[in-house]
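Down below are the structures I want you to see.
One chain, chain A, links the two complexes that follow: it is found with chain B in the first and with chain C in the second.
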Partner chain A sequence: MGAGRTEVARAIFGADPREAGDISIHGAPVDIRTPADAVAAGIGYLSEDRKHFGLAVGMDVRANVAMASLERFTGRLGALDEAGMRDAARGYIDQLAIRTPSDRQEVRLLSGGNQQKVVIAKWLLRDCDILIFDEPTRGIDVGAKSEIYKLLNGLAAQGRAIIVISSELPEVLRLSHRIAVMCEGRLTGILPGGAETSQEDIMRLATERESAMEPVGGEQ
Partner chain B sequence: MSTVEATPQAGFAARLLQAGAHQKLLAFMSLIILLIGFSLASPNFMQTSNIIAILQATSVNGVLAIAATLVIITGGIDLSVGTLMTFCAVIAGVVLTYWGLPLPFGVLAAIGAGALCGLTSGTFVAKMKIPPFIATLGMMLMLKGLSLVISGTRPIYFNDTPGFTEISRGSLIGEVIPALPIPNGVLILFLVAIAASYILGRTVLGRYTFALGSNEESVRLSGVNTDAWKMAVYALAGGICGIAGLLIASRLNSAQPALGLGYELEAIAAVVIGGTSLAGGRGTILGTLIGALIMAVLANGLRILSVAQEWQTVVTGAIIILAVYADMMRKRRMG
Partner chain C sequence: MTSISSPTRQDNGSFRALLGRFPFLPALLILAVLLVLNGVFEPNSLSFRSLTGLVRTYLALMLLAVAQTYVVYAADIDLSVGAIASLVNVTIIVLMQHLGGGGLSVLAALGVGVLVGLACGLVNGFVVAALRLQAIVATFATSIFFTGLALVILPVAGMPAPTVFWRTYGGTFFGIPFVFYAAAALAILLYLLARTRLATQLLAVGDGQQAAFQSGLPVTAIRIGGYALCGVFAALAAFCITGDTASGDPLVGAKMTLFSVAAVVLGGSALSGGFGTVAGSVIAALIIGLINSLVFFAGTPSHWQNFVQGLAILAALMVGVLVSRRGRA
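Right, the complex of A and B next:
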């Protein structure tokens, strides 16, 4: 909280202007100024605030799943391929077990976990190589949580880079190959995931305040 | 922002207002009731000539209202549709009467000028982040002034362009089916409505129009160039205003540079009565068409019943309040 994790994610994604730093993918520098640039570079961002930054809740599941991939369904004179979007949406409803009466259901009528799955489906359809999940399990019930963990592991196994932002340390330890810890807007350390790292190791880095390290500075 | 569903104990009227479809139905029923009421009140109302007069009166406001609908669905508003219509009429006058070019050039110039002005409004809104109300208010005044400047504050007549009045007053349908002398202006209104419906419902531009009004930020974060699409919607709306400019110039056989102010409110009223949400994200062209018809029927019927013009205005105002209240009730139910 307040460590600047979301800010970094949004800056990488081009959602907010970057003040400093460079972005490279597979060692090659990329110029990302807008979310459109980021998506073109294969990055998808799933905000913790799905209703404001992830979905058009007044629109149906089909429209939301297709939202980042409309050019793929656009034919001559801008005509949309409804059948194609329907099939894609239904495919993800099955694959991700999204509980909805149909692909025409308005997203606002779905539960939090199912709304999250719609956002995931949107980025899967877009076939992003890098996915940034900001607090993916916040406000989601336990059952849907473990489904989302399974999904994240599956995506990583496919060779995608998954960045998970989370405050839940067990979640962090369970999911990660590498753990980057931030405190007060700075990266304070990178730890290996799994059994080599304990919650205490993370907490130490997460509370490594600048003022504690440099008592002379006294900046407030 | 709760996801609480509509309360089940909502009354019948509230349930009627819940969905956009129902609001449209409500508008449609109101139109039918008005038609029946005026028919019973006056034998002169349901005459073919009067019905055609109503349709003809709907055509300009209807086309403008369709333009306004597109912008309103994005969550914006366009106050410049009326004076843009006049500006386009003046441009047609310059091209056809001052320059003496053939008719197709005037048509293209009017629609092109409309699209360009719409694109300008869209740039103010999308790129410069000026609130749509202010941006289009500024455009409204600039265009009103420009129309007067370009025309030298005098009407431009189209007497040298044979066939210009046919755009609105002629009847292609009447030539084929003499029993159905529907003026071209009305035909054009329906063609514009069909095209706009198609764009909204079946094309990528329409999809983004709704999406922008539904949640612009989440669309932007889906990697969509929202600014460009928003500008495209304003440009399309502007082009449609150009068509309205041709219609009104054709009907008056002149471009009247002082005209136009007030038309934007009539158009927005038709949009609102037709059930399009001013909050954006929801709306239909059919609803707007019904809204424009309601206003024309009301004006015509009250005139036939010899109700003073002043009272017609009062009634129109009251209907707008009712329609917006219905819209708010619906949103409250939807949570």
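Right, the complex of A and C next:
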């Protein structure tokens, strides 16, 4: 909001057209024009607005988990391997502790935190190595928040690159290895995560020039 | 208190779950009521012969309703299904005539008919999904265009279908009318199609186009796929129209377009996309057929028939909506 963090993330993901800049993954340049390109390159984007941009809320957990990987489940004559999709969905329901009565439950009936986990499962099933979380804990209750933090740390420990966009400075400091700070659409600095950085350091960069008050992108 | 209220809540919950899984249950209920009413007014209307006639006449509408359902899955709409059916009807009639009317010429004409339907569907998909024109207006425009083509191919209604064609459609094989074989084949085809990736993708696009796009789905290709499927089923509907009327008519399908939309809604699918079944649409097409026959058997004076028919469809829609609302609210 104002700083341009979501805009950068959406441009990287191909959801909006990129005006300038290049994208490289592991040093190799990639051409991303649509989300399909980004997904093929192993990038998953978890929007702040899950219901509009992340989930088919009227469809069940099974379909949503498989949504980005349907090619893999497509067999002869274009038929979907429902058993394979069921097993995959159930695997992630266990692994991510998604609270749902079954994999046939409609996603709109799940809580915000569990909906978030369904989106995560969708990208994990697609083998995405780079995950962009846009305000992952907004609208999620405190208990689920710490669960999401644990999940993010676990994913990073598996060697995945996690980009977290957040306005909550304690969250940013707690999660990040590197913190990129933006202000009014510009990158104003990159700070180390953890104890070396204070909230004041971030705020200084986030308000550099003029008066914008919207801080912070964090990278782990 | 809990012991009293929990069973009803449970009932409502399981009713809801049942409706979620089978959104066409209200339609099935209405169908049963209509069958009974038909039987009351004219016991003969439930005879094997009458029911065969019903299916023979309304198989076309069933197929058009199915065609419409696939685009509605993706929150699109196709106001040209009837025009596509007309175009395919006159195309195959003229082709069969030119090729001599033998068995092979019939098959060749049917093959071309499917391709014409497919091409019309691709045109619709292109203008709606690739050019991003509003589906309701764009397909209205293509419907005029397709009707125009049909009028060029056969300016006036009346060229007859080859005997072998309508004899087969209206015929009986091993004691079972041909249309029942066709209906069975349709059921198998719909069952298989419901399990395809395209069906799931269409529903996902209808549920939320942005969410589908940002899951990496090729939204434009999927919507075009829906229209293509719709075009093919409109062509199949045209075969049934041709078999039933045994002639060509460049305007025959026009009046069926909005009936197909009504059938989709009556069958429990959401016009807003993302939710529905083709089975519901098929049942609803039969409901519309039964309403028409009921209006007839109830002895409605002919100038009142449209009026009563419209009221009856409205009533059926209301029953369906009320039942669904209770289940989904």
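To be clear about the criterion, the second predicted complex is superposed on the first by the 209 of 220 C-alpha atoms of A that agree within 3 Å, B and C clash if a C-alpha of one lies under 4 Å from a C-alpha of the other, contacts with A are read in each partner's own complex, and residues count from 1 in each chain.
Simple rule for what comes next: contacts are C-beta pairs under 8 Å (C-beta built on N, C-alpha and C of every residue); 3 or more make two chains touch, one makes a residue touch a chain.
Predicted, not measured: the structure shown is a model, and the values here were computed from it.
S.K.: Are chain B and chain C a fit on chain A, or do they clash, once the structures share the same frame?
M.R.: clash
S.K.: Can A:Met67 be said to touch chain B (first), chain C (second), both, or neither?
M.R.: both
S.K.: When the two structures are overlaid on chain A, which partner does A:Gly54 contact: first (chain B), second (chain C), both, or neither?
M.R.: Both: A:Gly54 reaches chain B and chain C.
S.K.: Is A:Leu77 contacted by the first partner chain B, the second partner chain C, both or neither?
M.R.: The answer is both, since A:Leu77 touches chain B and chain C.
S.K.: Is A:Leu205 touching anything from chain B or chain C once the two structures are fitted on A? First, second, both or neither.
M.R.: Touch partners of A:Leu205: none, neither chain B nor chain C.
S.K.: By the touch definition above, which chain A residues appear in both interfaces, chain B in one complex and chain C in the other?
M.R.: 13, 15, 34-36, 38-40, 45, 47, 51-59, 63, 67-68, 70-71, 73-74, 77-80, 82, 122, 126
S.K.: Under the stated contact criterion, what part of chain A meets chain B in this complex?
M.R.: Interface residues on the chain A side: 13, 15, 34-36, 38-40, 45, 47, 51-59, 63, 67-68, 70-71, 73-74, 77-80, 82, 108-109, 122, 126.
S.K.: List the residues on chain A that touch chain C in their complex, please.
M.R.: 13, 15, 34-36, 38-40, 45, 47, 51-59, 63, 67-68, 70-71, 73-74, 77-80, 82, 106, 122, 126
S.K.: Considering the complex alone, what residue numbers of chain C touch chain A?
M.R.: 20, 192, 195-198, 200-201, 203-204, 207-208, 210-218, 274-275
S.K.: Would you tell me which residues of chain B are touching chain A in their complex?
M.R.: Interface residues on the chain B side: 1, 3, 5, 199, 202-208, 210-211, 214-215, 217-225, 281-282.
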